[in-house]
């Protein structure tokens, strides 16, 4: 039954404050960046080369993150419409349209102006749209574009030839950076950056792992999304390395005081897919009403599957960066993705899986229907599939989504016997 | 003696069912307008009128359908997915799969032997293949949707209706009319298109006997016939098929009436 | 020389008679109702009567519109985009951009001084962007269609419709009514949503003054008001704008007839 | 001949492949746009181009796995697989041309037990020294899969022989496309398309022979000068428009003087084998000048389109893109900006495999032609 006590979510207050000011500072810093002294590199979240670029003194812009920030702040639609008037069709990825629309309109956002790029780094890691998007930016700005071709992961472990190929490209990238910045590569600096990344990653993993608790002291989808910002955008900086200590201390406090994000945990969910950012709050509310909490999710791993064993290693700088790029979540083949989700269900004792499909993202979404089918029919895990968009508010039909969600949770009701753990992954 | 009511406020019609000790004693059906709360009230009053009963005798009212939250005078709500499962189970206890085609969406629901929802799938993309689609296309042919049920009988060369959009399908139909196609063939094409879409939806939950077809479109004998032919299965269709959601809602109230409302 | 232009539209059939490609002799309109051939013959007959000419004085018959190929006695057919661009420039000289909103589709066209199409774009995916949508909303909201525009103009806080789907948009409207949004605001929202879609098309082809609105929506002052809000420039809606394609057809027919009389080429139809 | 080609192409059960496999041979389905079909051939297998289902395949199973907002070719290919119409195939190769093709492989690998499937990572970094060696290694992964699918062991000399045969085929196809460019009235786009498409459905020797026979027939045709517009057709490199739509384009008054249909046969011209044939094959892919949506642009997109318009002496461009095909959709915006600058007329249409009514397309095509013809 729908619980009537859908209180506002309790945030980790200190961490949340800290996160907010980190975001503000970051954008404020960006607004000042650009030019020879603090050149700007545009990068993509999946398989990014933050550490290398930072070691050369670049400021980094992630248009995907800017796009999702715009969507949460309800300012994505004008950018999208502008891109559509340029000829980008309804079906083009919302991130792309938000970014290209925004670029064309001068880069002003409610959180500050986004400076144009001096360098475009395309990590072709799990999304072909990346290639198209960066081509458009290169055409617009005429700045250098480096294409890091990341082989798709079809085997559980990286193959030797994949690593060799990536390391060769990374070396070529470093040469390009030396040429464009006039600075020489500083291996010591890269190692220091990597060490900071690693600290952030360890803290982040600790945070994610606390979802195993019953009840879960974290909301591993809606809440985790807030704490993704440092791990994706500020990785390699000291603030990011420090940040997760605050977060984890507060999570422990929650457990101590019994203040859980969903006070009456009724359903434990594993969530797959990108969130509907324009209707983030509404969507979350639908869940809380049913006492549903996400205990693990794939989306917060788009910037790296750190929780599955990979961490940057200052002792193997280029090798670990290569492995990082290969390990982006969307760069995993469907068999690997399926196994990961099944593992989450088992490890985090989830009752059900929610899949949120994105109408304009094929990389994530194409095949989620098959995933649903596999979960329901082969693993007997109740699974709900919903669809809207990550950027475009026009695609969120609240009544329909609520209807499906209610029906799903209703149907879970009578069968809330403890679920048999899925019979192992294939 | 327990008297309960189920009120189904759909996207096009409001339905009400009165159950007394598990037997249907009254029903009503009317198009919905823009004042859903009033529509819901009216639906209940009309059913009470038919049964010759009083409002105060009703022990539980359950709202369902898109407008279930507008049944403000009721005690319970349940989505129409749950209700169609329950209702179909009540009418045909052997039901394993329910296909519900209403005004705005199509649902395939897999149900347990106790009438509980096991899995369901709904049309995700627009209103293509729903009741609205048939209403609009019937209009383009100059008919009302209730008149076209038997029209496809003598069709020999059904046309292909491929447009995914309800609104553009209307122009596709107009184009066939302009080209002088036999309305029989056009209607047959429409049914094939509706059935093909719902088959694809049923694939998601798995087709198995018994299948019960519910919702307003199940009153269309042409669609029923086409569905039977395509599936090569017998398909349960009750004369009360449009009321199945309301029946399920009433049953839900009956189950819950023992326990105090939350 | 008299030429006739017939626009066999999806919603209505329109016709004009032109003398020497200049002077308007007659015009007529009838709802198509699924029978474009018969309807266009009736329209032609009515015009011949109105103009008080003999039917064989009509030297050339050019069709346009969705059913342009349906009428066997036509001499030429042209696309309705070509035709309405030509007609818009005839009705409103100086037009360089045409927005054509008919019953089932909206188009934006940039045109040369002579009315030749330079670039165009039409709505393809969803049908929530054209006149039929307005008609349906009128029916839903129980407002007489001719009053839609007037009532909409009374709006102070228009309620935009966000859904891209015509059908879901209707649900959205019903929700607005349930939430007691004032009727004028809902109505203006309908026009603004239409205008927003059209605006994307318009920007795609490039907006240049003067902008003319043609098609059946010229009868809705709220439509041009909504467009003006988007474009932030005046929009001209000629009272005969619904006939733009018919005018264009008559004009192109006239041009073709002149060409034929000056060259011995056999009569051919481009794209025919 | 063309009629026969039409029948073969319209039959979604792959009659030619069935005939071949009945004789105990093994066939491998190759998803567009590019796979090294000569490699498949060299292992004693028949490489067959998959082209989706066309208008005749009703989608009822595939939607469930894929969702609605995807191109038709992905859906219909899966539908054919799930309804046993791809039964003659022992293996499927999906190149990483886009996220959809890539993910489709993951779905096939679950839903098609008993066949081998392979996602071929086609590199997108064309400047790195390491790309060719990587692609060679990638081809070796493919070889291992093909051996499991019943292919004969890989031998370099067999690959050389296959390259020679494929060179012949490319030469013949090159002649067809040259004719279409230089004398567009000698054969229609539909004819040229059908003849080319057979190339992915027949044993290559048979196709070469067939085109040999057609060559003189085409040469002997009387010219049919027609007042049509020389047009470049851009976009349908993967999902194929239906024959009716292809017909419609020329009916509306265009001559398609160059197109992006069926790129697999035109990825490179004559392939010279020097040293290791596998290296030559990889190098040919990396160095190919082909500049279409599924390949990271070697140079500016805008310049590329203008160059192609120029090479084809085209008066205008038609973008014909499959619905939901992002690689194609995103390029159109860059292309049109360049065309706008040069005032070259263009038209953008979208298509779906299953649509049978083309009223909207016809209207736009006619307007496009009229806008160029009328003054």
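Each chain gets a letter, A, B, C and D, in the order it is written, and its residues are counted from 1.
Just so we're on the same page, a contact is a pair of C-beta atoms (placed from the backbone, for glycine too) under 8 Å apart; a residue touches a chain by one contact, two chains touch by 3 or more.
Just so you know, these numbers come straight off a predicted model, no measurement behind them.
Between the chain pairs A-B and B-C, more C-beta pairs are in contact across B-C. Between the Cα centres of chain C and chain D there is a gap of 40 Å. In this assembly, the C-alpha centroid of chain A lies 35 Å from the C-alpha centroid of chain D.
Touching two or more other chains at once are residues 66, 121, 124, 171, 175, 204 of chain B. Residue positions of chain D touching 2 or more other chains: 63-64, 67, 69, 348, 350, 359. Taken residue by residue, chain C touches two or more other chains at 66, 125, 168, 171, whereas all remaining positions touch fewer. Taken together, the touching pairs cover every possible pairing of the chains. Within the complex formed with chain D, the residues of chain A that make contact are 86-89, 91-93, 96, 124, 127-129, 131-133, 135-136, 139, 147-149, 151-152, 154, 161-162, 164-165, 168-169, 172, 333-335, 337-338, 357, 359-360, 362-363, 365-370, 373-374, 387.
Note for the complex: chain A touches chain C at residues 81, 84-87, 90, 393-395, 397, 399. Contact residues of chain A toward chain B in the complex are 1, 4, 369, 372-373, 376-377, 382, 385, 387, 399-400, 403-404, 406-408, 410-411, 414-415.
In the complex of the two chains, the chain C residues touching chain B come out as 10, 33-36, 66-67, 70, 104, 125-128, 132-133, 140-141, 165-168, 171, 174, 177-178.
Considering their complex, residues 66, 78-82, 105, 114, 116-122, 124, 252, 270-271 of chain C touch chain D.
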